[in-house]
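Both of the next two complexes hold chain A, though its partner changes from chain B to chain C.
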Partner chain A sequence: MNAPLLAIRGLRASYGKIEALKGVDLDIAAGEIVTLIGANGAGKSTLMMTIFGKPRARAGRIVYDGRDITSVPTHHIARMRIAQSPEGRRIFPRMSVAENLQMGADATDGTPAERAASLDKVVTLFPRLKERMTQRGGTLSGGEQQMLAIGRALMSRPRLLMLDEPSLGLAPLIAKQIFDAIRVLNRQDGLTVLIVEQNANHALRLAHRGYVMVNGLITLSGTGAELLKRPEIRAAYLEGGRQTDAPAAG
Partner chain B sequence: MDTALPDMPSTSRKIDIAFILKKSLVSALVALVLFSLMIGIRTEAGPSGQLTYWTRFGDLAMMVVAVFAGSIVIEWLRHWWGPVETIRVVPPMAEKALSLAGRLVAPALLAFTFLVPVIFYDQRYILDLGILVLTYVMLGWGLNVVVGLAGLLDLGYVAFYAVGAYSYALLATNFGLSFWICLPLAGILAAFFGVLLGFPVLRLRGDYLAIVTLAFGEIIRLVIINWQSFTGGPNGVSGIPRPSLFGIPMTAADDGFAARLGIEFSPTHRIVLLFYLILALALLTNWVTIRLRRLPIGRAWEALREDEVACRALGINTTTTKLTAFATGAMFGGFAGAFFATRQGFISPESFTFHESALVLAIVVLGGMGSQLGVALAALAMIGGFELFRGLEQFRMLVFGGAMVLLMIWRPRGLIGHRAPTVFLKDNRAISSDLVKEGR
Partner chain C sequence: MDYFAQQLINGLVLGSIYGLIAIGYTMVYGIVGMINFAHGDVFMIGGFIALITFLILVSIGLTMVPVILLLALLVAMAVTALYGWTIERIAYRPLRHSFRLAPMLSAIGMSFVLTNFAQVAQGARVKPVPPIVTGGYTLYEGPGGFVVRLSNIQIVVVITTVVLLAIFTWLVARTRLGRDMRACEQDQTMAALLGVDVDRTISMTFVIGAALAAVAGMMYLLYYGLVDFFMGFVAGIKAFTAAVLGGIGSLPGAMLGGLLIGLIETLWSAYFSVEYKDVAAFSILIVVLIFLPTGLLGRPEVEKV
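And now, the complex of A and B:
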């Protein structure tokens, strides 16, 4: 295997005195879908934000594509073709869908042709957005807002896409659509994806590999199928160990 | 409950008399409690200093009855005008005509503004009022960049107005620089002060930002008052040169404007020049703002207003975005300030109190944050209205406060509450604010 696209070693980060990450190691190879699961407050979102430099890492290293980005300014990291769909979607409610998408491309140095191609890709992936182009972001339904958030992230033509709880607050059918879209992106374009999820069942089935995070530390890792079979995962993250249909690797 | 059959037009509304009476009785009761001491009992110091009091139950009863009757009327009106479940269907013809009229408002207003000095050439008062209104239109458009677009609540905008005014006044009186050289300098200096304010408040938002900007406005004013040797302190700066028409003075002298054209000198020429000068400055502000909104920087301002975290995740440099918003807004404030100084010929710290900041902010908010036409209409209504109601004397502020409260009830997003999208795919459609829930 080549060197991973993203390699994190001994990462520590804290909010004031509260240490949220206590030495995290994580690898993402190019073309992989990696899922990070964990309970509320385990530090999953913090890990994603720390990769983006907000908050800054107290210790450890983040290496992306062979380059140490631990102390690179946030707005530069976004230009290195790492895109993020932050927790809670955070679309721009009073700007139109088209403007929201444009914002995703504004800070990158793509040519107009590349932007048009990105836009094409986004509307092919989420045809619903095409119908809503002139509508304000705030008028979209939750699922459409999630599509917009992912679409906005894709506008920067990322190599690594990080999604924070893409299924949060969505009806199961819509969540499935979102996960299907992520799978398509990965299969067709070889996009590398990091998904932070509490919806462990869905996310682990989709993922090539998964990590489990507890109290700021990675406690378990393995392929999606392996993790789904482990009794402690089933007990902790899959609705109290209730039997679900047989897990199949994504 | 509503028992109307589904096929019946549900436009007929039933008036719930019991409900109205109940509400009015509650209002009357509150009035009774409040007024029993305020009106019911009158106290006064007696002839030898002791407290005397007497009762005025008649007045009290009249007051309570008035409140009762008033609430019945208000409740009844609310019943008629309040929200209904039926959808008001406007005939498409009327809708088309309305949207056409809406599109024509701005060009018509602009054309009229251009003609004001021609139509009202003999009426100095109207011309002066026009200049005043246009000054506030420009200030409103300048502040709109900071508050309406970037969403940074700035209560100290007058500071930049003051910086612009003093820049011109001091440069002109000390170094004899002409207005046309000082104008860009005033803008640059004000922009510099905008960045100066921007740095410490980069991490602040909302209320906290408002407090710091408010303080900044006061600091600038106090510095001007106390730095006597430089600014003249409370005495201000006088003898500020009047503007020339690119070097041609507007005086009765031999090389003056009138003499060169071979027409009779009139002081009105200068007023007309001032009018077109501020009109040009205001239109420049408007044009720049419209252009910037279509560029990534303008879009970044708006995105910053909506969600700072998302902006950062998208690779927007929030520091420079905020600083450019402050600097751009301040620059226009500085231009307006330089104009103010040359128009007045005399400036003092009294012209740059918090009252001005509040007035400009009120114009932006009433106009509908972010709407250029709305800001212009609000400036016209506020400043023009101020003059219109001059006859009401001490009740002027009361009428004004009432009008503002009513406006905020009926049009909570300001006069023009929609924003035109800046990225188009096929057709350019404005999005009505009624369809949208409040951001954030």
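And now, the complex of A and C:
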């Protein structure tokens, strides 16, 4: 394998006194779709945020495209064409859909032509956003917000796209649309994708490779198909995952 | 009726000045969640810088009033903006990740520093200036000899306010800086994830707020014909009241609140007593905080996610 687009070694990070990442190693090669699965609270979202320096890594290294970005300021990392659709989507609620998308484009200062091309791509993937352009982000439905969060990330013409639970709270049909869109972007544009998922079935099918995270550590890795076959994965994240889809008791 | 019309004009002019200051309070509150108690003193500094610039321009022999006014306005805005930037940099930014009250305490300290600095540097006496903009129009002459007048200085104050507000509104709604400011106001972490330099954006917020306060300072100087080192205190609290009345965090609210406080104060002085005009203005603050905590145009804290 060539030098990976993103290489993470021995990464440690904490929120206050709670250590959320306890020495994570992870590689993503250019053009790959990598899925990171794990239970709620395993540290998956923290890993994505730590790549952006929020929170800062306590130890370890993050190398993106041959450059050590472990202590680069967050807003500089965003300009290096890594984009993220974070946990909770974090749409700007009092900005219009169009402005939310513009915020994404601003991250990498594209020319007007590049911006128009990105916008075109986003509304082709998610035609629903086109109808909602002037509406405020906060008034969108959950599925529309998810599309907007992914669309906003795509507006910065990323080389590495990181998606935190893109199917969370979505109707199965819309979740499928989103996964299809990711596959298209990967095949057509060679976009490198990291997907964090709690509900692993879809995501592992889509992925070239997958990692399993437990309590802030990577415990397993392999191709998507390999991981799908392993009984402990099936027990913990597939059958179990289906249960968590049901409304939480109590 | 004529008397009322005259008071209405006076109130709107005073309200424009309060509104310009109130924008600085509400903008800073929106983006960093603190009340910048030194903002009134930034307004005072703006008045002094306008005065100093006038004197320099006149002493080097400039006589064209519009040119003097424009130059003084630009210099006052630029220098006061620098004050705003510096204050944020040395007094607030180091405390940004401290406990919530820390920057506000620092702001109160900064307010004392600016007041005393002006007192030491410029003296404690009131600084009068001869009227620079004179004349006006008689709108109406009543049978009882009562006249409704609109003076040129009032026209200057209102037009300057309207023009600056238009520029400011355009900046916030249409430019990239404005978009970044709104993004930081709504979600600083997400803004940073999208490449927004949050520190720089916060600095720019202080710079713009201070520049608008400088405009208010200069208008005050022209309108009342005086400045003194202590004028930022009461004007600042009134403008803060205006911001709360309009809904803290809301930019149109700040302007609306400013106009209302200006009107209330003027009408109260006209019909009741000048001595208690501050009581009237601050009673409004108390009533608003009790019955309408989010102000006229404010929004409740809860957001649909």
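Keep in mind that, in the parts below, the second predicted complex is superposed on the first by the 239 of 250 C-alpha atoms of A that agree within 3 Å, B and C clash if a C-alpha of one lies under 4 Å from a C-alpha of the other, contacts with A are read in each partner's own complex, and residues count from 1 in each chain.
By definition in this document, a contact is a pair of C-beta atoms (placed from the backbone, for glycine too) under 8 Å apart; a residue touches a chain by one contact, two chains touch by 3 or more.
Because the structure is a prediction, the values reported are computed rather than measured.
Asker: Give one word, clash or fit, describing how chain B and chain C relate on chain A after superposing.
Answerer: clash
Asker: What is the contact status of A:Asp180 with respect to chain B (first) and chain C (second): first, second, both, or neither?
Answerer: A:Asp180: touches no partner chain.
Asker: With both complexes overlaid on chain A, does A:Asp120 touch chain B (first), chain C (second), both or neither?
Answerer: neither
Asker: Considering only the touch criterion stated at the top, classify A:Gly104 as touching first (chain B), second (chain C), both, or neither.
Answerer: both
Asker: Counting only touches as set out at the top, which of chain B and chain C does A:Gly138 meet: first, second, both, neither?
Answerer: Both partners, chain B and chain C.
Asker: Look at the residues of chain A and decide whether chain B or chain C touches more of them.
Answerer: Greater contact footprint in residues on chain A: B.
Asker: One more residue to check, A:Ser156. First (chain B), second (chain C), both or neither?
Answerer: Both partners, chain B and chain C.
Asker: With both structures aligned on chain A, tell me which stretch of chain B collides with chain C: 3-11, 57-65, 165-173 or 255-263.
Answerer: With chain A aligned, chain B clashes with chain C through residues 165-173.
Asker: Taking the contacts chain A makes with chain B in one complex and with chain C in the other, which residues are shared?
Answerer: After superposing on chain A, chain A residues 52, 54, 73-76, 78-79, 84, 86, 90, 92-95, 99, 102-104, 106-108, 138-139, 152, 156 contact both chain B and chain C.
Asker: Quick one: in the complex, what on chain A touches chain C?
Answerer: 52, 54, 73-76, 78-79, 84, 86, 88, 90, 92-95, 99, 102-104, 106-108, 138-139, 152, 156
Asker: What residues of chain B sit close enough to touch chain A in their complex?
Answerer: 296, 299-300, 302-303, 305-307, 309-318, 419, 421-425, 427, 429, 431, 435-437, 439-440
Asker: In the complex formed with chain B, which residues of chain A make contact?
Answerer: 52, 54, 73-79, 84-86, 90-96, 98-99, 101-104, 106-108, 133-136, 138-139, 152-153, 156
Asker: Which residues of chain C touch chain A in their complex?
Answerer: Within the complex, chain C touches chain A at residues 176, 179-180, 182-183, 186-187, 189-198, 303-305.
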